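For reference, the structure is listed below as structure tokens.
Letters are used for the chains, namely A, B, C, D and E, taken in the order the chains are written, and counting of residues starts over at 1 for each.
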Amino acid sequence: MIQWILFTSLYFLTFSILATIYRLVKGPSAPDRVQALDALGIYLIAGIAIFSVLLRSTAFFEVILLIGILSFIGTIAFARFIERGVVIERKQSD
Amino acid sequence: MKKLNDVILRTVTKTAVVIILTFSINLFISGHHRPGGGFIGGLAFVTAILLLFLVYDIEMVRKNIPIDFKVFAGIGVLISVFTGVGGMIAGKPFLSQAFGRVALPMFGETEMATSVLFDVGVALAVIGTSLTIIMSIGDDR
Amino acid sequence: MSIVVGILFAIGTYLILSKTFLRIVLGTSIIGHGVNLLILTMGGLKKGSPPLRGLQAFNFTDSLPQALLLTAIVINFATTALFLVLSYRAYKVLGTDDVEQCRGYADE
Amino acid sequence: MNNYVVLPIIIPLITGMVMVVFKNNIWLHRILSLLAIALIGVDAVFLLEQIKTSGMQTLYLGGWVAPFGITLVADMFAALLVLVAAIVVFCCLCYAFSSIGSERERNYFYPLCLFLMAGVNGSFLTGDIFNLFVCFEVLLVASYVLVSLGGTKIQLRESFKYILVNMISSFLFLIAIAYLYAITGTLNLAHLSVRVAEAGQGGVITAVAILFLIVFSLKAGLFLFFWLPGAYSAPPTAIAAIFASLLTKVGIYAIIRLFSLVFYHEPGVTHLFIGILAAVSMVLGAMGAVAYWDVKRIITYNVVVGVGFILAGFASFSLVGIRGSVYYLLHDMIIKALLFLLGGTIIHLTGTGKLRDMSGLIRLYPQLGWMFFIAALSLSGIPPFSGFTGKIFVTTGTFQSGYFWLGGIGLLTSLLVLYSVMKIFMSVFWGYTSFTTESEKGTTKGLLPSMTFLASLTIALGLGAEGIHAYVDLAVAGLLDPHIYIDAVLGGNGR
Amino acid sequence: MNGSNLIELGIAVIILLGTILGFLSSIGFIRLPDVYNRAHAFAKSSTLGVLFVLLGAFLFFLFAEGYFSIKLFLGIFFVFLTSPVSTHAICRAAYYSKVGLAKESVQDDLKEAIEGYTQKHSNAVARDF
């Protein structure tokens, strides 16, 4: 029963990821694609969490946190790039 | 030019950096028996500082962390190599590891191995080199 | 896995054969990942009991390729980073990121 | 169990890192780097004596025994190469003190040289194929930075291609390692040799061997040398000399080691292939050397010829041929460094690399001119100098094992090489003196001693070939009989 | 069906709820007309969905295995903290790089704010933002 529910939720997740990939490929503007990448990271986190429940293993928690961190930093970097044209500023103007 | 108004980002960054640093130290320490270790711990550390770079700017981070990261890398590799040399001095082959149990005042009895020192060296080297690379790309003149 | 290795190699080769610096760097990086995956695949699944006491599994992955892989990843990371820095400097100094314009010698 | 084996790798590593930490003190850098290289040389002499008296020296890192842990092996061949490499780098660094310029010195020139040295020594001494890869990468990363150090336009352009070619060959190397591991299940060289001998060298293993050959010939400049002239003529003289004398030789060492220890079962296929590649690269290199009228170009193409000649001796796979290869390899490392330093000095003096733009330099710099004359004769194998021993052994070896065409091409190309170098000599040093001391662009102050040392070394190596005979013979014996290596590494438990 | 099974079932339902939320937000991700609307769909319901899933995993390990995972807790906190912020950053970037609003949009408050600001500091350059 529980397994069945978890598998169903994995199916839902797969559909969501497919939708995100559609947006990633289609997305008319750059922010769309960045948004889709961020969403992909988030859904990946969810998938790993479901897997760790399925396998009853605590080994994947580091991965969850790591993907979270990396996707956050990547998104911020992209946002910086789109907004100002540079990723890291030498001296922030004031 | 006026300063950009990104209060939300800055506020969150202050918390997130702390979380990432905690996590990196966790990764680093767990490397002896579980996945983790010097390289990954070092990289996680770098991500924290990278976040600072992104949200603030290079000058500001440099002012607050006044360390030359190349020196960091050099010291790291030196530490790693010297842990190997330590085995040589004792008459064993290069890179021989020694470990024993040490009673620390707060943590009770802890396992201490020279490979941890090696890992410290690796982590320092990774932090140093990656930050040097990031700075040299971001620091265009 | 082998198919993925092939796809990665194909993408990487395509990118390397293109003209701009950044694409070439990305191509080498992607080929590097393909190679890492290849090593992992070549390690294969071993039969018998693992070389650790207290474990009862019968199928296990070979751990040596993983150690090799870690080293290879580190090296790949270092070379890619260096390559990236260098191509950035080359772009700044040469004023172009087109490989075609970097051909030959100015004095001949 | 011998900790001397690891010293040539960790001494440069430690000193280099100390230099990185104390980065502003150039004099400290100079003294420390010379000290480190000298220490390596002394250590190599120690190793030589130990190997002579008690056979090959091995070191199991961390005490893990052979097929499982990382092994370092020093046989005679490797120790000789380490010694010569130390000598060459010592001279090049002496040369660099007064020629490289303080800009590059401050940008970690000496530490990078030492890392390069660590990588080179590591790949000479390592006992398993993956660490060969790792050491290759260490030396390649150092060389990438050295090529682009200074950041002139030509350097950046050439280093981009250089890095690309070398990265791809590294990936091929990894692929070959992966296949080899999948087939044999081990990476230790001695263990590999045993496994391959057990299973027989089938078609698949031969294919992997050819893959390895392609990888190493990319690195050594054997046949696939298209990247070499650009990359070696771009950086400053001292760096180019180190590259020419060490980097290609590491590739050659890897080819010789692998194909004498592991893939020696099918000489009809693999060694013939090496022979053909060697012949082609000799011919093409000689053609390039004859065709160009530019000092650096001619010398660079001579590197390719040298690579071809060494491997021609190895391809014959006979006692005499391999002995010739070893002799010629040692000679080639010294003479190529000398030639590059001389060529760099000429360019430094006249401010141009074109042969047609200069003449009559010998009146102003007689010492330089005669040194170049010696180098030219030695390069093409005229008797009293060091090239002669190698050439005669290689040619005899190829004739003995029936590769008459290979030996013939070797002789023919050495004639062409003589012509190409004499072309430099005649047009640069001979003829009407158009330069006066006022119009020169630089001085030879501080540059001459290291070149004089190298030149006297090549004479000494030629005259005293008998003296190192015992060492070379031990090296050749180790190369011809893999069981010596296997027994030394695997000890009693070699299966 | 005893207690622990019931708890596990409840946790599974929580996870399912989370993924359904994520699924709905991904439909919004496809269907909505412009960046800002899509960001809205993603930032609200998808973050909530992932939080449900992670919370489910956290509770699962807390009750079924008796293992209080500080790492997972940190992860939940981190995702909860950063996901909206990154969406916010993207939206800002999109707005300042002049990605247009959808045709159906009726109100643009930020534009008025910016105009008001530039009128107030008329000597400031238009690139201020």
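To be clear about the criterion, a residue touches a chain if its C-beta (ideal position, glycine included) is under 8 Å from a C-beta of that chain, and two chains touch if they have at least 3 such contacts.
The shown structure was predicted, so the numbers you read here are calculated from the model rather than taken from an experiment.
Student: Return the chains shared as contacts by chain B and chain C, ordered by label.
Tutor: D
Student: Please report the smallest number of touch steps linking chain A to chain D.
Tutor: Graph distance in the chain contact network comes out at 2.
Student: Minimal path length between chain A and chain C through chains that touch?
Tutor: Contact-graph shortest path, chain A to chain C, evaluates to 2.
Student: Report the chain ID whose CA centroid sits closest to the centroid of the full protein CA set.
Tutor: Taking the mean of C-alpha atoms per chain, the most central one is C.
Student: What chain pair shows the greatest number of contacts?
Tutor: Comparing chain pairs, contacts are most numerous for A-E.
Student: Taking each chain's centre as the mean of its C-alpha atoms, give the chain farthest from chain E.
Tutor: So the farthest one, by centre of C-alpha atoms, is D.
Student: Farthest chain from chain A, going by the mean of C-alpha atoms per chain?
Tutor: Of all chains, D has its centre farthest from that of chain A.
Student: Taking each chain's centre as the mean position of its Cα atoms, how many Å separate chain A from chain E?
Tutor: Taking the mean C-alpha position of each chain, the two centres sit 11 Å apart.
Student: From the C-alpha centre of chain B to that of chain D, how far is it in Å?
Tutor: Taking the average C-alpha coordinate of chain B and of chain D, the gap between them is 37 Å.
Student: Could you please state the distance in Å, as a whole number, between where the Cα atoms of chain C are centred and where those of chain D are centred?
Tutor: Going by mean C-alpha positions, chain C sits 27 Å from chain D.
Student: Among all residues of chain B, which ones touch two or more of the remaining chains?
Tutor: 1-2, 4, 9, 16, 23, 137, 140
Student: Indicate the residues of chain C shared as contacts by at least two other chains.
Tutor: 78, 82
Student: Can you tell me which residues of chain D touch two or more of the remaining chains?
Tutor: In chain D, no residue touches at least two other chains, as defined above.
Student: Pull out all the chain pairs that touch, please.
Tutor: In this structure, the chains touch in these pairs: A-B, A-E, B-C, B-D, B-E, C-D.
Student: Would you pull the chain C residues touching chain D in the complex into a rising list?
Tutor: Residue positions touching the partner: 16, 21, 24, 28, 31-32, 35-36, 38-39, 41-44, 64-65, 68, 71-72, 75, 78-79, 82-83, 86-87, 89-90, 93-94, 102, 105-106.
Student: Across the complex, what residues on chain B touch chain C?
Tutor: 39, 129-130, 133, 136-137, 140
Student: For the complex, which residues does chain B have touching chain A?
Tutor: Checking each residue of chain B against chain A gives 1-4, 9, 16, 20, 23, 27, 35-36, 44, 47, 50-51, 53-60, 134, 137-140.
Student: Can you check the complex and tell me which residues of chain D touch chain B?
Tutor: 1, 3, 6, 10, 13-14, 17-21, 23, 59-63
Student: In the complex, go through chain E and note every residue touching chain A.
Tutor: Per the stated touch rule, the residues are 8-9, 11-13, 15-16, 18-20, 22-23, 25-27, 29-30, 35, 38-39, 42, 46-47, 49-50, 53-54, 56-57, 60-61, 64-65, 67, 69, 71-72, 74-75, 78-79, 82-83, 85-87, 89-94, 96-97, 99.
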